[in-house]
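Please go over the structures that come below.
Paired with chain B in one complex and with chain C in the other, chain A is shared by the two complexes that follow.
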Partner chain A sequence: MEEPTTFERHVYKNASVYHYMKISLDLENGKRSFSDAQFKQLIISALKELYGEVGAAFPFDLLKFDPSSLKAILRVYNKGLVKLWSALTLLGSYQNEACAFRVIQVSPFLLALSGNSRELQLGESLTS
Partner chain B sequence: MVRFKSRYLLCEVCVPERNSLQLLDERAIHHTLRAAVNRAHGDYGSALFNIGVNVKYLNALTGVVFIRCRKAHYRLIWSALPFITHLENRGQPQNVQCFFNCIHVGGTIKTSQKFLAQYNRQQLHRMLLDCNTDAEKQHVRRAILSCSLGNVKGEEAEDEEGSEDDDE
Partner chain C sequence: MSPELEKCPRSLLVCEKSNFMNEKSRHDIHVSKHSFNYKISVLIPECAVLPANISGVISNFSPYYLVRDLPVYELLQEKYYETVLQKGTVYAVSYNTKIDEDNSIALLPRGQLVLSLNKDAYEQLGLEGRPSLYNHRKAMRYVVTLNLSDKTLAPGTKRYQRVLSGLKDRLPLRYDFLFTEYNTGGDEDKSLYKLLSQYKPVEHKAVLSHHTLKNLPCPTLYPSDLKGTTLSCDPHSFLEWLGAVNLDISCENAADSFLSTYICPEPKSSVSQALLCTITGFISPEDVYLLLQELRKYFDEPKFTPWLSLTVHGFMDSPVSWGATEHGFLKGGENFYNLVCFKNQDYWLHMATGAHDGCPP
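Let's turn to the complex of A and B:
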């Protein structure tokens, strides 16, 4: 006689301490060369403008940066997600050039950022 | 029942020379406070300051400032107070060095006023210990007697008179 399999369900209310954001920077006048330090400095200046010294001191990390497509992955604590996102939204210009941050994905788990159903490209065998 | 709640921050402005205190007015404090909140909390802080904060009362002789904030944001304004190092003075070009010392946070003006009366009485007692000459001591003792007899008759007055007799 086999025992019926028991299963446990774990429910997490607050799954992860961090939130990860995948963002890209759009510049009006085409591409410019950015180093990762310059990119982080740009985000810090956006935070500083909106939230002051106290806001700019909030720790966040630039995990990955792609200079050719200007895409990046940021990591921030849960408390600072709203501030960071709002500061990125409201950044208008960089050195008198219009620019905009596009937020592609936000997730509490880094693994979720690896697959994005928006950028999914179906192979040709499936469409036939 | 929806009641509009606010918080009253009772602060003391400490300056190195007492004469420079007399030149202050509410607008200078308001201006300095706004600049400090803007530096510490950015555009968000400035917006909160504009909607909800005003300087209600300023006592130029003792340096007591009474600031009114909304209940939702009073901690933000409070956190910008330690960053104020000098007050702008429109009359004279040089700035007055100062620092803000928050002594009480109250929900209504009445509680803050009660606290302020008690605080001033404690300050008078402390001044009595610091007095150097006898004339100053007499002056401070008379001030203590006058303020304590005025409020509570009976036990407190007897205690004050009893301690005075013990000193002499």
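Let's turn to the complex of A and C:
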């Protein structure tokens, strides 16, 4: 039988190497079909447009992509968060069609993206 | 490139390990102090069906009520006062108010009313408060804390009249509220509903959903190695993997894949099946504690898995996180904790907060 463990406590500040973003793409003329590779390529082109080839040369992961709702979860190194977020914000069009990225949630913990209380909808609010 | 572009908001992760049987274990305090719980997620590796005792506890969770357009001064009326203070298990939080934009209000058990107000509301209300700990250069947010159990705030006192007139006349705040109270199964349990009946509360039950995951790569965890230096993976990788499981993210990608390079942290093994169960709503800490007790009993009989995980997410917009520690929303309002329960009753507790939060206890 294993001995019960001794007490330990550690506090980590800014120890997460990555940030995670839950985003969605709004298109002016409604939905169109995107593959996950096309979606990632769109984000890369937004980065290159704003920061150039060298500035955009950092990796990020498209952890999940839902083609029906055009929602995605991205993972980026902390150093690249501001660049990625700003590039997503400033992308205005795709193939001559107006579009906008909406950043739904950002967190240094991927687990936090699965529990967003702002999604709790209990019918129409009268005081909004 | 400017170094400013590489900065990130601050985050904190507190990791503790101990044993549930240890007298000095503080797991019960940590659970009880996290008052506002929005979502619970349970992951049990090598399990296909939700055990009956656990689903029984979940179905007995206290309901919560949505009350539309409740004037805040009502919470000071004597009838609420007595019920709330007597019971000590009533929780309330304003619904659909964003703490980084609007005013946000919460009622803690034993009658502590916390109002997180923007500058205009604070000045108009005229009550004593303090500037938020998370103001930038100018104070744009203030926190007013009213301890309703304090003798100086008893009905009839000057201070009580001042507070009441502030909330009734100077700044008549009205919000939608979520209320819950821990039900002990007695006759007095419907008293909250009767109290709120004037405002037509709508009862809701926490929503349970569960499904079985197949062929899941799963990190191997050893209770003695919390930091992940030798036998287990580090806490951040473990929490990242838990997030991936909850969000249905693939953990098996090639290192040269264009889309994603995310993989399950090492050391790992593959489990043939795992149960993922989520409960969403407004859940009292007492109900969370009951669920934890039942999950600990899962290991009373021999099981294939050496551990299971319980994650509890707080409300992004509540003015407090643990106890009365101020909570805010900068780029995110995360305040969650995760308990890994091992079969020998050891546990790991990870508590995570974002930039506008105090350090978890």
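Following the convention adopted for this analysis, the second predicted complex is superposed on the first by the 111 of 128 C-alpha atoms of A that agree within 3 Å, B and C clash if a C-alpha of one lies under 4 Å from a C-alpha of the other, contacts with A are read in each partner's own complex, and residues count from 1 in each chain.
Keep this in mind: a contact is a pair of C-beta atoms (placed from the backbone, for glycine too) under 8 Å apart; a residue touches a chain by one contact, two chains touch by 3 or more.
The structure displayed is predicted, hence computed values, not measured ones.
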Which superposed partner A:L27 touches (first chain B, second chain C, both, neither): neither
Contacts of A:R75 with chain B and chain C, given as first, second, both or neither: second
First, second, both or neither for A:P108, with chain B first and chain C second: second
Partner chain in contact with A:G55 - chain B first, chain C second, else both or neither: both
First (chain B), second (chain C), both or neither touched by A:S16: second
Partner touching more residues of chain A, whether chain B or chain C: C
Which of chain B and chain C A:C99 touches, first, second, both or neither: neither
Contact residues common to both interfaces of chain A (with chain B and with chain C): 55
Chain A partner contacts - residues on chain C that touch it in the complex: 1, 4-19, 21-22, 24, 38-39, 41, 66, 68-69, 95-96, 98, 174-176, 202, 204, 223-224, 226-227, 235-236, 239-240, 242-244, 246-250, 258-262, 280-281, 311, 313-317, 331-334, 336, 338, 344-346, 352, 354, 359
Sites on chain A touched by chain C in the complex: 1-2, 4-5, 7-20, 36-37, 40, 55, 59, 61-65, 73, 75, 78-79, 81-83, 105-118, 120, 122-123, 125-128
Residues of chain B that touch chain A when the two form their complex: 38-45, 79
Residue ranges of chain A in contact with chain B within the complex: 48-55
